[in-house]
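Chain lettering (A, B, C and D) follows the sequence in which the chains are written, and residue indices restart at 1 in each chain.
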Amino acid sequence: MALALVLVPLAWALFLYALPSERWRPALLPLLGAAHLALVVRVLAGTPGAAAGTWLRVDPLGALLLAVVSVLFAVCSLYAVSYLRLRRDRPNRAFCACLALFLAMASLVALSQHLGLLWVAMEATTLVTAPLIYFNRNQRSIEATWKYLLICSVGIALALLGSFFLSYASLLGSRDSSLLFSSLTAHAGEFSRPWLRAAFVLLLVGYGTKIGLAPLHTWKPDAYGEAPGLVGALLAGGATSCAFVALLRVFHVVDLAGEGAFARRLFVGLGLLSMLWVAVFMARQRDIKRMLAYSSVEHMGILLIGVGVGGAFGALLHMVTNALVKGWLFLAAGNIHRGFGSKRLRDIAGAARLLPWSGALFLFGFLAAAGSPPFGTFVSLFSILGAALTPGHWWVGGALLALLAVTFLGMGSSVLRALQGEPPARALESPHRDRPAGTVPILLLAAVVLVLGLWLPRPAQELLEAAAASIGGAP
Amino acid sequence: MRLDLVLGATALMAASGLPALLGGRVATRASAVLQVVAAGLGGAGAAGALFAAAPPAALALPWRLAVFEVGFRLDGLAALFLVPIFLVAGLGAIYAEETWPAAARGRGAGRLRFFYGLTAAAMALVVVAADGVALLVAWEAMAIGAYFLVVADDREEAVREAGWIYLAATHAGTLCLFGLFALLRGATGSFELAPLPAGLAGGGFGAAIFLLTVAGFGVKAGIMPLHVWLPGAHSAAPSHVSAVMSGVLIKIGVYGIIRVLFLVPDPPPWWGGALLAIGAVSGVLGVAFALGQHDLKRLLAYHSVENIGIIVLGVGLALVGRAAGEPVWVALGLGGALLHVVNHALFKSLLFFGAGAVAHATGTRDLERLGGLGKTMPRTAALFLVGAVAISGLPPLNGFVSEWLLYLGFFGAVQSESAAGLGAALMAPLLALIGALALACFVKAFGIVFLGSPRAVLTARPHDPGAAMLAPMAVLALLCAAIGLAPQTIVPALERAVAAAVPGAAGAPPALAEIGRVGVLSAVALGFLAALAAFGLWLSARTRGAPRAVTWDCGYHAPSPRMQSSGSSFAATLLGTFRWALRPVEQGQPVRGTFPVRASFHSRVPDTVLDRFLLPVLRRLARLTLYARYLQQGRLQVYLLYVAVTLLVLLALV
Amino acid sequence: MPSVLQLAVQTLLAVLLAPVLFGVIRRTKAFFAGRTGAPLWQPYFDLVKLLRKRTVLSSTSTWVFLAGPVALAAAALLGVALMPLGPGAAPVAFGGDAVLFVYALALGRFVLALSALDTGSSFEGLGASREVSFAALAEPALFFGFLALARLSGSFSLSGMLDRPLLVRWPDGGPAVALIAAGWFLVLLAENSRVPFDDPSTHLELTMIHEVMILDHSGPALGLVLWASMLKFLLFAALLVRLLLPVGESDAAVYAAGLVVGLLLVALAVGVVESSLARLRLVRVPQLLVSACLLCAFAFLLAARS
Amino acid sequence: MPWVIDLVLALVLAANIRILGTSRLGVCIRAVAVQGVLLAFLPLLLHPDSRGRTLVIALAAAAVKGAVVPAMLFRALAAARIRRAIEPFIGLVPSMLACAAATAGALLFAAKLPLAPGHGGTLVVPASLATLFSGFLVLTTRRKAITQVVGYIVLENGVFIFGMLLLDAMPFMVEIGVLLDVFVAVFVMGIVVDHIRNEFSSLDTEQLSALKG
């Protein structure tokens, strides 16, 4: 059952690659999305800990990630149909296959209970997304792809060394050479501390590159900016969450080994640095997709701070809500990009008039990203804030609030500039307007985010609490 | 039961705009009707809770809002705020049918209707929220809804800028509130707005609570220097929106300050002192800035800052009293502040409605172009005059009653031996100064707009608006007079609100009616009206059929309307006195020689905090951030270097 | 019922007495100028003459123009009702009536200033502007004085603050009361537009504040304004007299004599000031008013120490 | 046979210096190929009593790192017909000095880390770290897209060296997965390099800096 989560998309990828029809390939994507979503629902509803051997198992953390990735993919696949119909000029064979491959690899990340396998899956998600970023096949997109590929590969290589270090720490300390997380956590107390700390630093830098923490995030604005909106949505919502979960698994081992305080300090430090970096780069950002990329960096910083101050529940919920909001924003930004034929602010104005649905969705997505109630992001952000504003690290809470405010200033001025006023004449001539196929998927995402803010279903809450408990956070 | 009514009305209000979203004249009219009905129901429920002695009602939401338990509660304090909310919102809904008709504004009118209902409902919800989370959710809905109200006309650059400043300011405030409630939750373990245990308020925690409360709610209330968004937003918004914003929305900030600060049973004395200082600054500088404005709605907006200052003075006195264990100060300070909240809602909405009528009829809000409207718009003029007298705090209208309660409080504090009490007493002369300056400003506002002759040739021939705009103004004017002439009727409601605002006060709070003997005012006011009527009848009888001539021109042979006092010349003397804070910008060509060919003079008073400090600083900072762009110049090698350096630095930490 | 009677008597006396104070001022000025001057009763004749004359209205003006004199007169009457002119409390006395006293006069000022603007005359606009501007600076002085008196007397009613028990506390309250008296005398001059703030006896267009506001009023309207300003002068003078009056509390006759003499002395003092000082430059007026404020603020500080 | 291991590792380090010290692309790629072949000996040397899977890994490593990847790089080089000079941002001598410094630093850092009894005294850990940083040096100071791929491979080689200590701990599948991933990564990079050449008619990464801020 659990294995099917990986195998079905894998098989679908092969099938899509083999399929000769340019028209049918996109149309078959939502089928995969729906099938995967159904599988995930069944797995989640079934017995907890469904396993396929010792290496693949659905634990709460993985289940959470599965749910995020699956929902996001389902929506994006729906969006992809209309998107690819508009982009008949590009061959979509590799694109569709890689989308399916990405789903397979992300599912693998969620299921992996083995440090080495986790790494392999993470690297694979990087590689299968490179062709997605290169979809537009122009100079800018190849530059972005190149940077993405190289920086992430280097980062992931460091993560591999970190994994090796971790297993060496285990080897030295407990003489147990298994790299299953269950045995790592069981013997964590006996690990060699110097190796452990070095391993954590390497893994933090390695997966942190993939998460996109400043100053390792440099590929993000380029890749998200040049990729189609739908790819940006999958990357910012899915791929980053995968890396975050991988990092959390490692963090849990380090925490159990008694180096939790060290790890948390690093989390808070890097998290705040990311937010600060974003606060600076968000000001006068004149490209809406790059702006969203920086927002992603910001929220990844918030996630790390959340874990760092002991708000695991809030951080995990924020992982979910942020992923969905990022999907929402990138898809809306994609529509705006198409409507105006540009993603630079100097060409965009009056998007709320030209594209009333996408414009309004973009605006509300921005508010959701800012953590405004009643969106789900409010609940998560507020939980993190509550954890931060406790004795011992008041200053973290204060800094978090201040940086949120500054970033809001930078992002808001760009967002409103894009939405308000009169659309330029050039855009009025463009044939691209809001169509249901392009807005309904976004509305779905928005609805989920809104519902999460108003009503968290009991199973979802239990899952979140179990996941938080599984990485050592108080529920 | 009443809470159910209020919540039901709120829900109806929130949903009222949905038909209008569809567009069309009929649908928009249907929304307007729904809004009026909702306001009527909600107002009735709130008034019932306010005037009939009933225990506070509470209701918990049957499901959890995500992970938070959420509930609502209707007590005296909430009811006191609810009444003006529903009243002004309902009147504004009627008023909008004439100023922003769907026929002329198209889809914009529908959108405006929708967000209008949403904002009004959210305001009501903030007030009945029983816990921090419900309050935050409603608060944000209100703030964001109001943003859409402000930018109803986003084709204009000025409107967009005002909207953005509003949004940025309100979000900063919301973040402060996030921090506040997270802290309170950490201290008490619950989000419920219940009295805190004693002993928490000292030290850094107490200071953080106080500062976050004052900053978070104060931004919305518009206390100086957090008022930066207020003048722009009020003048940019449609007039009925300005009325709602100025009349009730900013009061929600006051509500928050009162609600949260009085949860603390033992506030440090400096809290009250700080509020008094804030109130004094807001009051005096608010009215001083108002004097310098040429835009009628901006002028009114600065008066909101002033009146919030007056209200905060009362709250400050009450806090000082709570710290010093003086229940009389608490009763008078809070009673005066709360009555002023109600009063300001009445007369400020009236004035904004009036200003809207002027702008609607003439197409301009510029004082230097208006004049003489009293002859062409007599009804509007009379109603505006009522508002002007009331806001200047003059008897026999309602503004006087609330300020009088505050004076009583300050003069009570003068008997105190404590420095805090004597400091509070010093606010009495300050309040007098504020009142006299407000009077000067409204002589200017009313005199320049409605009296004399028109200063410019306006395209439209001005005329009184229709019943949809006049009737709401008339209702408000009547209420202003009613509270002014029979203030004792509202005193029990005030007492109930004060008792609800100050939980866990030792013993019953002293009765306002006893310490203030408000009833006397009523008798005096009636006697005064009798004298007024007698003199008036006599003089009008004596001057009936009096011949008309031109105004005495002192021998000048060709008087023209352009020779009248202008708004800026009227305010020049006082502006000179406050030059140190206002820093007016003056341009022109001075009069030179015996026979000057041409001379000109133009002055304007930009907002010192916003235009001289905040915006330049922010612009400079934003420019500085561009230097940081050198960090990301697109070189992959440099990016990889960042990875290596990060790794090395972190490894060095191992 | 006795208070209604008292109200009637007090109002009648005030109405009758007020004009004679203006007569005294004029006689004093005439004396200093070496003239004989008009008789003391001349202000009565002026009033009667004005009330009988016909009015001419400006074609620009509206009903607001006539409302000014009416409100001013009604406000002055209200002030009279609140002022403890008799030996005991005022006919209308309650805690906080001092505020009503000040604000009633402010209402009169408000409407009169509007009626000046109603004519559309540039001169009258200037006058209205100055009237309201200077009053804004004078009011805090009054209130600082009230604060100090409230502190000394423990009451917040004009009658209580100005009541005779104050005299008992003269030894420790004396310096404060003296400062208040000095400050309030300046306020009296400013509020009634006397030299050095304004010169009521120059040519109409050249007066700066009060008289220029009522350039267009004529006949009964002007009479009403004139009469109201006389009452206002009386009220401020009475404030000073009651503040300083050194008579015992038992003997009503002595008290009445003291009050009348005191009022006349104040008028005399104003006359002396008008004869010996020149009008201030307009830009200096705020400074003088701020000084009045500071005098009363010092009084408050002194009172607060005791 | 610790001395044999150390000898191999010393040769690996020498290859690092060679890579950083040459101005010719061809030499550079050849040095990487040599390094790959040298690495293939490590599993055999470190685990002399090993079974068949070690041999498989050694062969796979030799094939991927020593043959396939260099061949791909040469192909790209030939197709590009570019000047064969490397044009580093910093000179060759400073590069080599930096490499030496990195090696010294790696020795110092490795000394802080405790080692399992069997691994003590060998150069495995310092060589691994030194190679890693040599890889970084190539990545950050070289201009051409191909040299960046070389840098990535060197970096990966550093990781590989350390991984050899854990041959017993790492399951066979994972080792093969890692090798496969590296291979695919380089393969994808090769494709991208091809496209860069097509788009820009150059492999100079200076062209690839349009996206800023």
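Note that contacts are C-beta pairs under 8 Å (C-beta built on N, C-alpha and C of every residue); 3 or more make two chains touch, one makes a residue touch a chain.
As the structure is a computational prediction, the values presented were derived from the model and not from experiment.
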Chain D reached from chain B - shortest hop count over touching chains: 1
Shared chain contacts [chain A and chain D, defined touch]: B
Chain at maximum distance from chain C, centres defined as averaged CA atoms: D
Pair exhibiting more inter-chain C-beta contacts, A-B or B-C: B-C
Computed distance of Cα centres, chain B from chain A, in Å: 43
Chain centre separation in whole Å, for chain C relative to chain B (CA means): 35
Euclidean distance of C-alpha centroids - chain A vs chain C, Å: 77
Centre distance in Å when chain C and chain D are each reduced to the mean of their C-alpha atoms: 99
Chain D, residues touching no fewer than two other chains: 136, 139, 148, 205, 208-211, 213
Sequence positions of chain B contacting 2 or more other chains: 629, 632, 634, 636, 640, 643, 651
Set of chain A residues in contact with two or more other chains: 143, 146-147, 150, 154, 158, 194, 198, 221-222, 281
In contact (per the touch rule at the top): chain pairs: A-B, A-D, B-C, B-D
Chain B - residues contacting chain A, complex: 63-68, 133, 136-137, 139-141, 144, 151, 154-155, 157, 160, 163-164, 167-168, 171-172, 174-176, 178-179, 181-183, 185-186, 204, 208, 618, 621-622, 625-626, 628-629, 631-632, 634, 636, 639-640, 642-643, 645-647, 650-651, 653-654
Touching residues on chain B, where the partner in the complex is chain C: 371-372, 374-375, 378, 385, 389, 392-395, 400, 403-404, 407-408, 410-412, 414-415, 422, 425-426, 428-433, 435-437, 439-440, 442-444, 446-448, 451-453, 515-517, 520-521, 524, 527-528, 531-532, 535-536, 538-540, 542-543, 546-554, 561, 563-565, 569-574, 576-577
Footprint of chain B on chain C - complex, ascending: 54-62, 64, 66-67, 69-71, 73-75, 77-78, 81, 92, 94-96, 99-100, 102-104, 106-107, 109-110, 113-114, 117-126, 128-130, 132-144, 146-147, 150-151, 154, 156, 205, 215-216, 219-221, 224, 282-283, 286, 293, 297, 300, 304
Residues on chain D engaged by chain B in the complex (per definition of touch): 89, 109, 133, 136, 139-143, 148, 205, 208-213
Residues on chain B engaged by chain D in the complex (per definition of touch): 629, 632-638, 640-641, 643-644, 651
